[in-house]
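See the structures that follow.
Across the two complexes that follow, chain A remains constant while its partner is chain B and subsequently chain C.
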Partner chain A sequence: MFKLRYAQLEEIYGWLFVTPWLFGFLAFIVGPMLVSVYLAFTNWDILTPAQMVGFDNFVKLTTGDPLVGQALKVTTIYAGVSIPLQVVLGLILALLLNEKIKAMSFVRTVFYLPSVVAGVAVALLWRWIFSPDFGLLNAGLDLVGIDGPAWLADSRTALSALILMSLWGVGGGMLIVLAGLQGVPTTLYEAAEVDGANSWVRFWNVTLPMISPVILFQTVMGIIGALQVFTEAYVMTEGGPKYATLFYMLYLYQNAFEFLKMGYASALAWVLFAYILLLTLLVLRFSAAWVYYEGVSTKAGQ
Partner chain B sequence: MNSRVTRRSFLKVAGGGLALSMLSACAVAPPAAPGEDGQMAEPVTIQLMFWPVGGERGIASMEKALEPFEEANPDIVVERLATPWGDLHDKFLTTSAGGVPPDVSAVDNYYLTQFASKGILLALNERVDADPGVNDEDYFEAAWNEGVWEGERWSMPYIGSTRVMYFNLDLFEAAGVPRPDEQWEAGEWTWDAFLESAAALTDTSGDVMDTVYGTMADSSMWGGLQPWIWGAGGDELNDDRTQSLLNTPEAVAGFEFCQNLIHDHGVAPTRETTQDVNLVATGRIGIWASWRGLVMAYRSYDYNWEVVPFPMGAEGKLTLYKGNSMVVAKAGKNLDQAWQLCKYMSSQEADAIWITNGGATPRKDNTDVLLNSRPPENNAYFYQPLAEGWAKTIPFTPLWVEWTRSLSPFLDRIFLDNEDVQTVMDEAVVTIDGILQGDS
Partner chain C sequence: MDTTTRLVTQPTTSVGWRTNRRVQYALKMTMVYLCLATGGFFVSVPFAWMLSTSLKTLGQTFIFPPIWIPVPLQWVNYVKVFEVLPFMRYFINTVYVSGLSVAGILFASSLAGFAFARLRWRGSTVLFVVVLSTMMLPPQVTMIPKFILFRILEWIDTYKPLIVPSLFGTGFQIFLFRQFFSTIPREIDEAARMDGCGFVGTYARIILPLSGPAIITGFLFAFRYNWNEFLEPLIYLNTHSKFTLALGLRLFQGEFTTNWPLLMAASTIAMLPVLLTFYFGQRYFIQGVVISGVKG
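Right, the complex of A and B next:
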């Protein structure tokens, strides 16, 4: 009979506790990913055996399918506009809600609440808001003398409408920034005040650098999320009008489950994976110039 | 012989025994055979997937229909899988791919040929021929033939409807416009008469909340545009369904008629206006096309309404019939019992229940039930096109979903941007032919 040391016992418990997740991760994430690598090189309709087609799917999506370019364009514009908007708006809201006033917990809850309600319900709600003749948005614009556009029914405004709608979930980002703000040591503000810094200088030179890791996190997660947008387009526009909201994930879904081109859809998925990876690495690479950890920039230990 | 059991060998045997007992617990017990004492075999469970038409109402209808079936077939237990229409077809596909499809399923005919072409449905020819309980003479020909693709029967007709025109009787009376059904009976219900009526009803002079449109323009290939295209003498595809004919002068005329309702005549709202707003429910539309399934909703409206066939175009009397299907999954374990259920779902008894929940019968022997399911009073218009042979069906192909999806942006150009139909359709046909001929 041998006795386990406490550390060994703890390690065994650790593995035991993590095993269900590990099993799920391997079976439902890694496994399908590996299978989809194989499928990307096949012609597979889900129901009959896959046929190897070499690089045909990748050749087609890069040279023979204009909708891939359209889907990438739509998705990139959406991400490029909605992520900065969400980060900046989240930061502004967090700054406002970081003040010590009465009933602040209630106010914070009110701002956070919309981000809890997500998915199809929100998409349907926003369809009503964007309704050209009877919607809340155009009714509001009408009050100030503006003849509102057709929003989702007009190819020129449909994507803008979905970007506007993405701000619905800004409360989630606000909460993270708020947590970051409350982690900034007050001694730094006191020292800045002693040095004669006004509120803008304190924000620019103390607050922003101190919460820059949080902003980086928001940006990276935002990129990953925005490039995988699906529900809004699926429920609200089906990619129209005139492909103006053909998001990449929607096009992937259509190929996989409507046209039964699972091999081609797998190839599309891996291209998206590479695109997200590339953008994430670029952001991380350039983050060295503006992200500070413990008050020190990762760039040359500034 | 050394019979000593070591700890290692004991653990091996114990572990093996445990694994075997676990495996045997997972195994499905075979159905018991009838005993010598004549006792019934263990009931077989058959999964039935369907979309509940009208939500809770549809589930209640299904329960009502299954009750006599289960009483008459004590050896079959039906496991109900109520699934929203939007999810059902994906679910049928994925469960089929996984080898565990529901034994019997409702399938919208938009998807039937796609599923049949993938080999996941049981061909029913032999069973239909051998079963004295099934007689093709009981069904209207168009409805019966919708379940056939490439010479094989893949389904039994289930629910379905002809496309008719509904009209707001109160608006017609208020405007002093002759009732469309009276115009039809007089043989005067033509495209021109339809347009005249719509124009007489339209009033867009006041506030948007008081606006009334004579009609709504169809702008979808999911049953909406076909009656106009066919009515003008056009067609979607050639006979072998490998080429699109949507840019022929006849088809273009059909598109143009619908386009002009919005952009030239101003008797139909734009898609912007109708988006998410039920103008029919609020009594703002004079006459509009739809299926019989809508009668259940319309019965709760606070105005009087009736139905009339599609107006006569260049081709005379013509409309569309589109049904749905009950299919048997080829991978099912109990095909005989599944066939019994599939057949029953299309029977006169079950069909009578579907009619009371908004269905329009594919069966000749249920027209009385349909006539008595009022309102509307003019229920005969739902089956007359089938009985008299002027109801056409959509030429479905396994690529139907894909080619109609590819048409959407072109239809946007016609109905949203008011572009020249011929120019747009010349471009659309290139895209559609690419899909139909496997180039995409």
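Right, the complex of A and C next:
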């Protein structure tokens, strides 16, 4: 038997330790992605053999199916309103919590717990809150003399209701920003104060640049999450009323598992992927102007 | 010293300046507390509403304006939940599926994290970039082919599609473990090697026991995701007795459209495990947030 050098052994074990992940990666990510590309160019209902149809799915998707446009519109409005609100509210909350307040960990818990619950239970709770006649929201509005709308039952307010609901999870973003704030060196603030900067100037010129990478991270993750919203739409509104909450993911699911259009749904999935990529790249591109990386000039930062 | 001199020379202005400063601070802190209290009220009131509704009779939910503390409290709702539908079954199913998934994710991810953080091997840098990029990949792209694969394997209506892919770890968790493992001093590995400890031994007997916080953090993230997962069980499970909580809750909604007390009692029970683990594991969760969101 020959003896392996330590470095060679290390090499072998390195690969050995990542083997489980590598197998899963090939079997459940790479393989399915390749199949998905193929499926996007077919017409397939699972029951009969798939037929190659070339670019038909993509042509239909862009020109022959107004619901795709509606789904993209709904999802984009949701992301476009909910994410900025979450970022701003999360930032404000984090700034408030970063003051020397009493019972800090209690207050933090209060804001953070709603952000950890998710899924069907939360969707049901909010359906009840939005109940037009006996729900919490309209009861609260009634207290201040406002006759509340029908929320989820009205196509004009359904999407706004879901955006409002998403703000309940603002504590998640708050935690990230708070962690970022606590990482800002106090010497920077002291230096700014010596230079005579008031608290507003300190916020704009010290705090904001220092936590801008955190905000960028939050925005990118927000986009990825918002474009994949499914449970809320499926459980609370089923896409209605009048397609007002037809989230893209819901429409994709319906095509695949209700209409059994596997080929068309695969094409839809790739369009969503491309859209997420496009938005993320746009944000990253745009971020070069406002995100500050320590030790890197802004130009090189992207 | 400096202040005293100033106090002596210009008493009025200095005292005025200091009180002014103190009043300003008090004013600011009042604003801070006021905002936090208002915000805190709005984020907690849905929980209070859920709890309150879960303790009402059906009739009491149709009173307007709503009552907050029903008399008597209908604790019986929490028993009824288990009688009208096999809710205990759903609960056990969810514990089973998410338990196995989480265990698999933690094991496989910590193995890979160890390789990326502690071992030197060719290709590790490239492969780690691949790991990171899988975090960005939306699962929709693989959803349909995965369904077809599991259909060919005749795994539909079993728990395998929900558990097996987890056994190979996830990109996010590998990233998390790698970051944690990198903070452990390298000298420990060297010492273990001198004592004749192999790579497996270093992982199992040296690094893992030192990584309690990492494991708890990983557990919290994985547990929350798997406990709440809705789309995959929806696609793969058909038989009612195999349903997870997420699917079972929907049955409640279907069968008792207006029975909000039972629905809210069921929702409370479904949320409780995540709320409790996150309440007690808060410190570790925040650590995880710092690692993934701030340092990353």
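Quick note on the criterion: the second predicted complex is superposed on the first by the 280 of 302 C-alpha atoms of A that agree within 3 Å, B and C clash if a C-alpha of one lies under 4 Å from a C-alpha of the other, contacts with A are read in each partner's own complex, and residues count from 1 in each chain.
In this section, a residue touches a chain if its C-beta (ideal position, glycine included) is under 8 Å from a C-beta of that chain, and two chains touch if they have at least 3 such contacts.
Here the structure is a predicted model, which is why all the values come from computation and not from measurement.
Aligning the two structures on chain A places chain B and chain C in clashing positions. Of the two partner chains, neither chain B nor chain C is touched by A:289.
Legend: residue contacts after superposition of the two complexes on their common chain; A:134 is shown touching both chain B and chain C. Applying the stated contact rule after C-alpha superposition, one finds that A:153 touches chain B and leaves chain C untouched.
Judged by the touch definition given at the top, the superposed model places A:110 against chain C, while chain B stays out of reach.
In the superposition on chain A, the chain among chain B and chain C reaching more residues of chain A is C. Of the two partner chains placed around the shared chain by superposition, neither chain B nor chain C is touched by A:191. After overlaying the two complexes on the shared chain, residue contacts for A:257 are found with chain B and with chain C alike. Once chain A of one complex is fitted onto chain A of the other, the partner contacts of A:4 are absent, as it touches neither chain B nor chain C.
By the touch criterion defined above, A:36 reaches chain C but does not reach chain B. In the superposition on chain A, contact is made by A:93 with chain C only, not with chain B.
Chain A residues in contact with chain B (one complex) as well as with chain C (other complex) are 46, 127-128, 131, 133-134, 257. Those residues of chain C whose C-beta lies close enough to touch chain A in the complex are 28-29, 32-33, 35-36, 39-40, 43-47, 49-50, 53, 61-66, 108-109, 111-112, 114-116, 119-124, 127, 130-131, 134, 136-149, 151, 165, 167-169, 174, 199-200, 203, 224, 227-231, 234-235, 245-247, 249-250, 252-253, 260, 263-264, 266-268, 270-271, 274-275, 278-279, 282, 285-286, 289-290, 293-294, 296. Chain A makes touch with chain C in their complex at residues 7, 9-18, 20-25, 27-29, 31-33, 35-36, 39, 46, 92-93, 96-97, 99, 101, 105, 107-114, 116-122, 124-129, 131, 133-134, 136, 139, 142-143, 168, 170-171, 175-176, 179-180, 183, 214, 217-218, 224, 227-228, 230-231, 234-235, 249, 252-253, 256-257, 262, 265-266, 269-270, 272-273, 276, 280.
Listed in rising order, the residues of chain A touching chain B in the complex are 45-48, 65, 127-128, 130-135, 150, 152-155, 238-243, 254, 257-260. By the touch criterion given at the top, residues 90, 93-94, 96-97, 114, 118-120, 208, 270-273, 275-277, 401-402, 405, 408-409, 412-413, 416, 440 of chain B touch chain A in their complex.
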